[in-house]
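Note that chain A is present in both complexes that follow, paired respectively with chain B and with chain C.
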Partner chain A sequence: MLQVIVNGVALGAAYALLALGFVLILNATGAVNFAQGDLVMAGGLLVVAASMVWPVPAIVLLPLVLGLMALLGLALSLLAYFPLKSQPPVAVFISTIAVGIMLQNTANALFGAEPRAGPPLLTAGLVELGPVTVSRQALAIIAVAALLIVVQHVLFRHTRLGRVLRATAQDREMAEALGIRVNTVIAGTFAFAAAYAGAAGLLLSNTFFVTPSDGSNYILKAYIAVVIGGWGSVVGALCGAMVIALFEVVFPSLPLVLPGLASLPGASWLFSQTMATILLYVVLLAVLVVRPQGLFGETVQRRA
Partner chain B sequence: MRRLVGLALCLGLALPAATPVNAETSIPILVPITGFLSLEGTSQRNGAVLALRNAPAGVTVKYEISDTGVAPEVAVNALERALGRGRVSAVVASMLGTQMLAMLPVALEQKVPLVTVSGTAAITERGNPYVFRFFPGDAVVKAAHVRYAAEELRARKLAVIYQTTAYGQSGRQHIADNARRHGLEIVFEEGIETQVRDMSPVLGKARAANPDVLLLHLHAPSTALVIRQAAATSFSAPIVAGSAMHQPPTAALLEPAELKGVCAETNASPVSGGDPAVDRFLEQYRREFGSEPDGFALGQYDGTMMVLEAMARGAQSPAEITRALHSGIHRGLAMTYKSDGRGNMAHSAQIVCYDGQTRIPRVVKRYDDIAPPSN
Partner chain C sequence: MIAALHQAAARHGMAVPLIVGAVLLVLWPTAFSTAYDLRVFTLAGIYALLVIGYQFVFGHAGALALTQGAFFGLGAYVTGILGARYGQGFVVTFPLSIVVPILLAAVVASPVLRLDTHYFALATLGVAQVLLLVALLAEPLTGGANGIPGVPGVELLGTPVPRGLPLAGFVWAWVILGALVARQLLRGLYGTAFHVMRDNPMLAACLGLDTGRLRLAAFLLSAAYAGAAGSLFVHTIRVVSPEALEFHVMVAVLAMAVVGGRTRIAGAILGAFLLVHLPEWFRVFEKSYLIAYGAILLAMIVFAPDGLIGRLERWFPPAPAPLPEPEPLPKRHPIQGEGPLLALQGVVKSFGGVRAVAGVSLVVRRHEILGLIGPNGSGKTTLINLITGLVRVDSGTIRFVGTPINGLRPDAIARRGLARSFQAATLVEGLTALDNVAVARATAEGVGMRRALRASWSDPSLARARRHAMTLLNALGAGDAASCEAGTLPHGVRRRVEIARALALQPALLLLDEPAAGLSETEQADLADRLAAVREAGTTLIVVEHNMPFLARLADRLVCLNEGKVIASGRPEDVRADPKVIEAYLGRAGVSS
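Right, the complex of A and B next:
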C-alpha cells in the first residue's frame, strides 16, 4: 500500500509542477498556455542532453535546467504572448499551440523520435521503509517537487515580488496604474512557469522517459488538473494533479490493497487502467456540471 | 522591362511543362515520424529510404517522405496528396494499424499497392489485394510468442499486458487464440493506454495472479516502462515481450541488468549479427542514419526492395507491381517472402533474449513457415 501511495504522490507531485505553471500564466495573462506540456518535454530532453555532457545525478543539473527553461519561457512570452496580448485570448491560445508544435518538431529534429531516459535524481534503486520497499527516485521526486512548491509559495506569498505578481494576476489595469511594470511581471511569470514545467520534465524523465511527442499528453493533464481544482487556483491545481495521479496509480491498485475487491464480478475490468481513465473523465464532467468553478473556486472569469 | 520580366517568368513556369510530366515514377513514404509510434515509424522510413538508395541498376524512383502522425485522417490525406502528385508505383504505408485500415479503401479505389510492416492482423483480412505486409503479422509472431512460452519456458499460466490500440487488441486476440491452442490458461490480462506512465498497478495485479510467464504486447515506450518497473520490483516470472522490445532504442532506455532474462518476438534482429548480408545492411544503416536498425527497418527494406526488383524486371505500373508482389518470391535479408494470397508476405519469426550483460539480444529460437490458424 505504501509503495502505491508513494508512486501516486510522486507522479502527482510532478504533475503539480506542470499544473502550477499553467495556472500562474493563466492568472497573469488570462490566457491558456497550450505549450506548457511541450515545456515539460523540453525540460526532460534538456536534462537528457545535459547528462550526456555531464554524467551527474539530475539533482545537480536542476539549477541549469531551471535557468535554461526560464529563458525558454521568456522567449515563449515574446513570441506567443506579447505580439498578441491585445487580441482576444483565443489568439494566444492558438499561438501557444503553434509554439508547442514548433518545440515538438525541433526536439524531433534534434533528438530523434525515440524515447530517452534522463539520469536519476540521486541514485536508482530501492529503499526499505519498514516492511515495504519503495523507489528512491519516487521519494526524491516527492522531495524535490515539494521543495519547489514551497519555494513558489514563499515567493508568491511572502515577498514583494510575489505581491506584485499577485496584484498583476488580480487586476492588470490597476497594477499598471500603480506603477507596476506589468509586461515585466508577465514575462517573469512565463519564465517561472517554464522553469517549473522543465523541473517536471526533469523529474519525470528518468522513470517515465521522454519523447518529443509527450507534450500533448501533459497539457491534457494540466488542463484536467486545473478544471478539477479550480480555474486559476494554485491550491486547486495541486489538488487536481493529485486527483489525476490517484486515478492513474491508486485506483487500479485497489484490488491489491483491498484483496476482497478482486473477487467482485468484473473486478479485472472495473479496476483496470482503462476504467480508471474513464472514471477520471466522469469526475471531470461531474465537476463541470456540479461545481463549474472547480473544487477551489475560480479567480478568472473567462475560459479558453 | 516589366514585360520582359513577365515573359521570362512565363517561360520559366512553362519550361517544366515542356518536359514529360511523370517521366519518373515515385514511391511515397507515408509513415508516423511523430506520435507514440514515432520510433517504429522512423525505422520504417529509414528502411525504405535505404532500399531506395540501393535500388537495382536502371531503376530510378523518386521518393518523398510524409509524417502521418497517429491520426487515420492524416494518413489518408497524405496518401491522397501523394497519389495526386504524379505517377506512383507503390506506397510505403504507415505501420500504424488504424492508419492502414483507413488507407485501404483509397488504395483499392486507386489500385495502388501499399507496402507496410504493420503487424495489425485486420489489414490483410479485408480482402484488399493492394496491401502487402513485410513483417510477420500477429497470426505468425503471436504463434511464435505463445509457442516459446509453452514449449521452451514450459508455461501453463500466462499473464498478458497489451496496449489498447488496434495493434494491441489484435495481438491480444491472437495470444488468446494461441494460448487456447496450447492449452494454456490466461490468469491475468489487462489493456493499457499508451499514455499510462506508472505500471506498478498492472504489474502488481499480474504478480498477484502468479503466472508462469508474463507476455507483453505493447508499443516501445510502454514495453520499456513495464520492464524497468518489473526489474525494480523484482518481478519473478520470465517476461517475453512483443517486437517493440527488440528495437535497439527500446533496449537503450534500460540498463543491461534490467533486461536480464527478458525475451522478445521479432521478425529479425539486425544488431544481433551472424549473417554477412545483414551485417552489410547494419553497417550502411549506421553510416547513413547514425542509429541502430531494428526488424521493422529490415522488413521495410526487404519490402521496398521487392518492389524495386519487380520494377527492375519490367513491372512499371501499379497493377504490374501488384501482380509481381502477389506471385513472386523474394529472398530478403530477414527471411524469404511470399504472399499467402492475402498480402501476408512474412511467415517466419524469431525469439531473442537478453543476457543481462549487454543490450544486444541473442537469437534463441527461430520459427519458419508458421501457418496461420485454420479456424
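Right, the complex of A and C next:
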C-alpha cells in the first residue's frame, strides 16, 4: 500500500508543477494557458532527445530542459498572449490552443506518434525503506518536484521579483501605475510556467512515457486541480494536483490492497483506470454543485 | 467600377459580401467535385450546423460551454446504435438524435447553469469527459473503443440519398434550415435580450429578464443542433466511434466560432468551412500540415479577434436604419394591492463585519418623490440594491403594495413594477441608445422563443418596442441620440437614456441612484423638470442624491441615512436644517461653527 501511495505522491508532485505554472499564468494575465499540457509533453520529448545525444541520468539534463523550456515559454507569450492582451480571455484560450496544436504536430513530425520513454532521474531500481520497497524513480521525482516548489515559494515570497509578480497578479493596472514593467513580468511568468511544465514532463517521461498527443490529458488535469483548489490559489492548486494523482493511482490498485474487492463480480471493470477517471469527474461535478467556488474558495478577485 | 462597389457597399452594408460568399459556397462543390472534395464539403456542412448551434450558448448567452462536442457525440451514438443495431432509418434516428441530447442538457442544466465562467466551463467539460468514458466502457452497447460500423446511409421515402453531391446537398439543406431558424429566433427582441444578458446579466435581471431561462433556452438549442449534426455525421461516415466524443471536436467547434464570429450565422458557416478545409489545403506541406493549420488558426485569432465576419462588418458598416415614428406606450395596468406603495420594516444587511444597513424602516407613499440622502457609505445604494433584489436582506421585510418582495429574484421584482437606474449609468455599449431602451419592453411584449419563431419577415415586437422607446427618448430629450451606439454617448445623454430605459418598464416605483451626478447645472434643472413630469404621469420616485439644490426643488420628502440608519425624515427644509443631518455631513465642527 505504501508503495502505491508513494507512486501516487510522485505523480501528484509532477501534476503539481504543471498546475503551478497554470495558476501563475492565470494570476498574472487572467487567461487560461491551454498549451500548458503540451508544454509538459514538449519537456518530456526534449529530455528524450537530449538523452539520445548524451546518455546521462535525467537529473543532469534538468537545467538544460528548464532553460530551453523557459525560452519556449517566452516564445509562447510573444505569439499567443501579447498580441491579444487587450482582448477577452477566451481569445487567449484559443490562441494557446493553436500553439498547442503546433507543438503537438511538430512533436509528431519529429518523433512520430509512438510513446517514448525518457531516462530515469538517477538510476532505475528499488529502494528498501524498512519493511517496504519503493521505486527509486518515484522517490527522486518527489524530491526534485519538492525542491522546485520550494524554490518557487522562496522566489515569490522573499525576493523583490516575487513581490513584483504578486503585485501584477493582484492588480495589473495599479502595478503598471507604480512603475512595474508589467510586460516583462508577464513574459517572465510564461517562461517560469513553461520551465516548470517542462520539468513535469521530464519527471513523468520515464514512468509514463511521452506521446505527442499527451497534452490534452495533462491540461484537463491541471484545470481540475486549479478548480478543486480554488481558482487562482497556488496552494490550492498544489493540493488539488495531489488529490487527483492519489485518486488516479490508489483507486485502480484497491483490489491489490483489499483482496476482498478483487473477488467482486466485474472488479477488473470497476477498478480500471477509466472508471477512476469517470469517478474523478463525478466527484468534481459534485464538488462544483456543493461548493461552486471550489474547495478552498476563490482568491483572485474577478474584475467587473 | 471600384467607386460603384464602394457605393453599393455603403448602401447595403454586409449584403454584398454575404451574397458573394453564398454564391461562392454554391459554386465550390459544383466546380471542384471530386468525390473526396465533396466528402470534405459535406463534413464542413455538418460542422457549420454544429457551430450555429454552439453560437446560442457561447455567442448569444456568452457562456463558455464545453459540452457541444459531447452533445454531438451523443447524437452520433444515438444514430449509430439505432441505425446499425436496430436497423432504423433516418426518419427515426434523426429526431431521436436531437431529442436525447436535449434531455441530457435539461438534466445537467440545473446544477451546471448556475455556475460562473470557468467553473461552468470545467463542469461542462466534466460532463463531456464522463460521456466519452462511458462510451468506452459500455462496450456491449457502444462497441467500446472500436465503435459500431455499418450504419446505413440516409434514406428518404424509401430512396437512398447517394454519396457525393446529393448527400452534400442534403446536409447543406439542413444547414440552411438551421441557419434560418437561428436567424428567426435571434434577429428580434429576443436576440436583443440575449445581447443585454451576455453583456451584463445583472442589468438584464433588473430589466425583468429571466436570465436563467434565457441561458437554459440557449443551452437546449445548442444541444438540439449538436444532436442533429451528430446524426448527419454518422449517416455520412457510416460508422460511430468514440472519436466523435473526443475533446478535439469541442476544440474545433470553439475555434470555428471564434474564427468566424461568435454571434453571426455567416461566421459559423465561414469558420466551419475554413477550418474543415484548411488541413486539406495544407496537405501540400505533407507531414507538417497540421502545424500550418495551428499557425493559421493563431494568425486568424490575432488579426481578427472579433472573428472574420466582425472584421468584414467593419469594412462594410450597415447603413443607418431610419428612426422609428414615436408611438405612445399602452396604458399600464394599475398596481393591485393595499397599503403604502413600498414599506420597509427593520431591514438589516451586513457585509462581513460592516452593517451597511442597520435596521431601516420607512414608507413610500403613492405618487410622491422621496429623496434619499446621506454621506458616502451611509447605505443608500445598498438600500436600493436590497429593494430591487440585487442583494438579499439579512432580516426585516420589504413590502410592495402590501406583499413582501424580499427574497424574490431581481427580475421578478422588476416585473412587479419596480425599475431602477445605476450610479454608474449602465448601458450596453454595443447597442444603439434606441435598442438599449427598446429591450426593456421585452417583458411587456411577451418576448420568448415561440413568439420569435412565429414572427414574420421582421419582428413586430421589436418594431413596436422601438417606437415606444422613441417616445421615451423624446420625452427625456435624448431623441437625437437614438441611433448612436451607447458607447459613444456623452455622460449627460447616457443618464437620460438610462432613465428612459427604466421608464420603458412602466414602473409604479422608479428608483434613481444619483441621477444628477456629473451633470451640468442646466442639465440638472432640465432633468428635474423631466422627473417632475414623470411623477405627474403617475410614477412614484425614490431619488438617491448628494446634490441638495437638485433634490430640494424636486423631492416632497427627504430621508437621511447615516451609518445604515435613518436619522431624519420629513419635509426637505426641515431635514436640511436638522442638526443631526448637518453633523452627519459636516462632522461636529460643522455644527459648532
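Keep this in mind: the second predicted complex is superposed on the first by the 280 of 304 C-alpha atoms of A that agree within 3 Å, B and C clash if a C-alpha of one lies under 4 Å from a C-alpha of the other, contacts with A are read in each partner's own complex, and residues count from 1 in each chain.
One rule holds in what follows: contacts are C-beta pairs under 8 Å (C-beta built on N, C-alpha and C of every residue); 3 or more make two chains touch, one makes a residue touch a chain.
If you're wondering where the values come from, they're calculated on a predicted model, not measured in any experiment.
Clashing of chain B with chain C is the outcome of superposition onto chain A.
In the superposed pair of complexes, A:V249 makes contact with chain B only, with no contact to chain C. Look at A:T277: by the touch rule set out above, it reaches both chain B and chain C.
In the superposition on chain A, A:S135 contacts chain B only, with no contact to chain C. Once chain A of one complex is fitted onto chain A of the other, the partner contacts of A:F208 are limited to chain B, with no touch recorded for chain C. Of the two partner chains placed by superposition, A:L155 touches none, neither chain B nor chain C.
Once the two complexes are laid over each other on the shared chain, residue contacts for A:E114 go to chain B alone; chain C is not touched. Chain A uses residues 104-105, 108, 272, 274, 277 to touch chain B in one structure and chain C in the other.
Chain A meets chain B in the complex at residues 3-4, 7-8, 11, 104-105, 108, 112-117, 125-126, 135, 204, 207-209, 211-213, 217, 248-249, 252-253, 255-256, 262, 268, 271-274, 277.
The touching residues of chain A, counted against chain C in their complex, run 32, 79-80, 83-84, 87, 90-91, 93-95, 97-102, 104-106, 108-109, 216, 220, 223-224, 227, 231, 269, 272, 274-275, 277-278, 281-282, 284-285, 288-289, 292-294, 302.
Those residues of chain C that touch chain A in the complex are listed here as 64, 111-112, 114-119, 122-123, 125-127, 129-130, 133-134, 136-137, 247-248, 251, 254-255, 258-259, 287-288, 290-291, 293-295, 297-298, 301-302, 305. For chain B in complex with chain A, the residues that touch the partner chain are 33-36, 38-39, 41-42, 164, 188-193, 195-198, 200-202, 204-205, 208, 220-221, 224-225, 228, 232, 249-250, 252-253, 291.
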